[in-house]
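As written, the chains take the letters A, B and C, and residue 1 is the first residue of each chain.
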Amino acid sequence: MDMLLEALASLLTFESVLTVLVGVSAGLFIGSMPGLTATMALAVLLPFTFSMEALQGLMALGGVYMGSIYGGAFTAILINTPGTPSSIATTFDGYPMARQGRAYEAIAAATIASVAGGIIGVIFLLVLAPPLARWAVAFGPSEMFWVAMLGLTLVASLSSDSLLKGLLGGCIGIMLSTIGVSPVGGETRFIFDYPPLQGGIELIVALIGLFVIPELLTMAAEGRGALPGQTELRKKEVSIISIARHIFIKPVNLIRSCLIGQIIAIIPGAGGNVTSLVAYNEARRFSSDPKSFGKGNVDGVVASESSNNVMVAGSMVPLLTLGIPGAPPDAIILGVLLMHGLRPGLDLFTESGVLTNGFILSMGMAALLLLPVGLLGGRLIHRVVIRTPYYFLVPSIAMVTILGTFALRNSLLDVGIMLILGTAGYFLRLIGIQPAPIVLGLILGGIAEEGYVQTLMAAVVDPIPWLRLLHNPLSMVLAGMVVLGAATTLVPMWLARKGLLDRVDEDDGRSP
Amino acid sequence: MKFTYKKLALAMTAVAAVGLAGAAHAEYPEEDITYIIPFDPGGESDVTARFQEPVLEEELGVSVNVTHRPGGGGAVAWSEFQNSAEPDGYEIIGVNIPHIIGQPIQRSNAGYETDDWRIVTFFHSTPNALIVHNDSPYDTLEDLIEDARENPEAITLGGSGTYSANHLDMLRFEKEADIDLTYIPFSGTGPLKGALEGGHVGGIFNYTMLGTEMADSVKVLAVASEERVKALPEAPTFKEQGYDIVGGAYRGVAVPEGTPDEVVETLEAAFAEANRQIAEKQEPLGFVMESITGDEIDEVIGMLRDAYGPILEDAE
Amino acid sequence: MILRLNTDIAAGTVGLVFAAVLWLPREEMGRLSIIFPRAILVLLCLIAVALIVKGVIRPSGRQVEITGSPRRLFTVIAGFFLWWGLVEVLGFLVTTLVAFFSLTWYLARVETRVTWQRLLKWTPVILGLVIVFYLTFKEVLNVRLPTGLLF
């Protein structure tokens, strides 16, 4: 407790607050650019922290991390483009809200949810880190395989009009993930004898392509912006307080999303890319009005954004206790810790406890600072996007997209892949194959493959190798959840088709 | 067509550069230097480059920009570098053994050759180490070997990547000790730590760094270096225990073929100085500082190629 | 523009074509590398066939709608690819300035005629925007943007 107070004292200086504030703002800017990820934000900032003391450096990095994960929500809401993979689910309801002229309401809800999520994550980390760490390492290859499968059951609920088309999209995504060097085996696959393809299709490149380009093409073809102009907007302005009231009066959604975020963040490798999708899915499953999801339900935004900000501190649990980075950006934080001679482990919470607690608390402070920075920045970006005529908006977004995609791996080929996938994505959307299942397949394909093949390799001496997939209670529970998850989505669909339930069908065009 | 054109251009610039070397490069370096890291930010190569950056800048008097070009386990950046970098010393790239030996043998078209550049220096190495968890029944290497004799293939050892330094030396160990183990590749050191902590593998064949990072919870049974590593004075080498296995990952830096000698010498000196200054930070982490230059580079590559080549070709 | 198209059959065909592209040129691969992609490819084909069958028996959507002008759609697609292709030749800065100007001009024509005065008025805005982003990426984020003949 003394350490906590001491750490708190060291935080409440002008210099510290300023460090975090600058970190959050920088992260916000980078995170809101499609293509510039939290990992990249941290890598760019890294050299600046060399000259700082250990705590100050970590505080700056924590701020950047928090800011960049949150920043992804802006573009998700305003131009249907997740700035970071962790805000994919924010687009599902955030963008429809923006199209209805409720963009600022969505941004405010995202901000409040992010602040709450960030702070709850910090509390989890402070209180529960050591016990939670045991849970993190419980996930071996076979468990990871089931986690990926569990994620893939989301395809069913992400494909609003046709399950088969959703599954097809998922399979296409998984196949795209296998291009390049195989994770187990080390050989090159599907590169058509073209060495640069060894790099494979980077998730973010596909993400930008599939989400941004179709949006730009639609804007260009229709010859108008996607968001309503200013006059329409005035009528629908909602006060921040009423949004906060909506979120906190019935906090079930928030609490559920935060718990999901925390549980998934700890599983190394799955990370923030899936947390928001799972939280979104559960919010819809338990909602009294699931049909309104995907059409501008603010609860969808809250679920997605609160869960992904819990992940920031949540993924630090395996990092600080065991040195296992829970999400890619954590690898950089690990580098900084090691550079300052800090070895992850229990020592970090005892011997250098002041520093560790200071770092954790600074993330809480960063979350709090999201509120003013986010609300002000959000209003500003919103105005800019709405006031800019579409003929400026299309080339501007295209430029940022090209820059961001290029910067990701310094690769012009990636820009080409992005454009090809984007153009394909536009036409696939026309025939009912949505981008979300494809991206989900791309995220989870690698995880599923690695887990599956590693499990089978370890089982060479077993008489029936694939039984290894169910060799302990945790993997059996996970497998059970996969079956259950699939059943709870499929059975109502089937019942609906038989006419035993009110139609849950969301596609209005289907029944003549 | 494009490829041959580029090759031609490269050859021509190389000739031009050699011809002009005396005059033009008298004052190398004059412009900023780009230092390409062919891996993701946050990895060992990246962190080392960040350590080196300030020292290099001071030594060379120009700014050194670290950029990343990840993909294909380094192969994307390496093939691009060999095809298009100018031999003027303003573009340098990190190179790793055994990656640059293994990939061209193993892949049908890795896009680059092991020798198609000039390696300036290898500045450090990270020897392989056989590590088990504290709860493991094995206290010594002999314990593990005995168990492996009784239960062939039943012991699983995790490592980073397929036909990586970890994998290749584990295969050598199998041969030397005449046992059968099961190797399970993971995608990097992060997941490996989890697999070891969670008991998903019997042990890991990884680098010495993991032994120091996880010192509280693991036992290092053997290290694949000539002498004991400074950061792990308690851990015996394979050699001490009668198995001739010395190997691991070497990290270094290369310039395109045809780069003038003076440029290479200048860079060599700057990297040596960087090594001197960052040694006290890196050695406790388990790195072994090296200064492999000139002919020694060919020796090291030759030695490892002889050791790994047959294993890789067997696998084909 | 509204096209008559059975979307189920179309989606199934896309799936089959995609699978064929990856299936036919399969390189020599070890068992460990191919086991997973092959399983997914088989699954992909099954789903695609199921979609085609469903499309024949009980089609869902029979038409697709391209909102807005198809001509503008294809011109902009071509524009994007040209933008990408020229970056390698002309360098990022020059290409982006040219592409930005042309796209703005082309898209603004939808509403009203674009006069020379308007184009002139845009110049400082576009120049400023492109150069700010160019410098931010080049100097602050240390990205090596492609350079061409001039920059």
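The criterion applied here is as follows: a contact is a pair of C-beta atoms (placed from the backbone, for glycine too) under 8 Å apart; a residue touches a chain by one contact, two chains touch by 3 or more.
Small disclaimer: the values here were computed from a predicted structure and weren't measured.
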Most widely separated chain from chain B, with each centre as the mean of CA atoms: C
Higher-contact pair (C-beta pairs counted), B-C versus A-B: A-B
Averaged-CA centre spacing for the pair chain C and chain A, given as whole angstrom: 23
Chain B and chain C, separation of their C-alpha mean positions in angstrom: 38
Centroid spacing, where centroids are CA-atom means, of chain A and chain B in whole angstrom: 33
Interface hub residues of chain B, defined as touching at least two other chains: 67, 108, 162
Residue numbers of chain A (touch at least two other chains): 40, 182, 184-188, 191, 193, 410, 457
Multi-chain contact sites of chain C, meaning residues that touch two or more partners: 27, 32, 142-144
Contacting residues of chain B [partner chain A, same complex]: 40-43, 46-47, 50-51, 53-54, 67-73, 75-76, 79-80, 106-112, 151, 153-154, 156, 161-164, 182-187, 190-191, 193-195, 197-201, 212-217, 281, 284-285
Touching residues on chain A, where the partner in the complex is chain B: 39-40, 42-43, 46-47, 50, 136-141, 180-188, 191, 193, 195-196, 198-200, 202, 268-269, 318, 322-325, 328, 331-332, 334-335, 338-339, 341, 343-347, 409-411, 450, 454, 457-458, 460-461
Residues of chain B touching chain C in the complex: 34, 65-67, 108, 162
Complex contacts: residues of chain A adjacent to chain C: 36, 40, 44, 161-162, 164-165, 167-168, 171-172, 174-175, 178, 182, 184-193, 213, 216-218, 220-223, 389-392, 394-396, 398-400, 402-403, 406-407, 410, 412, 415-416, 419, 423, 428, 430-433, 445, 448-449, 452-453, 456-457, 507, 509-510
Residue ranges of chain C in contact with chain A within the complex: 5, 7-8, 10-12, 14-15, 18-19, 22, 25-27, 29-30, 32-37, 40-41, 43-44, 47-48, 50-51, 54, 60-61, 64-70, 72-73, 76-77, 80-81, 83-84, 87-88, 96, 99-100, 103-104, 107-108, 110-111, 125, 129-130, 133, 137, 140-146
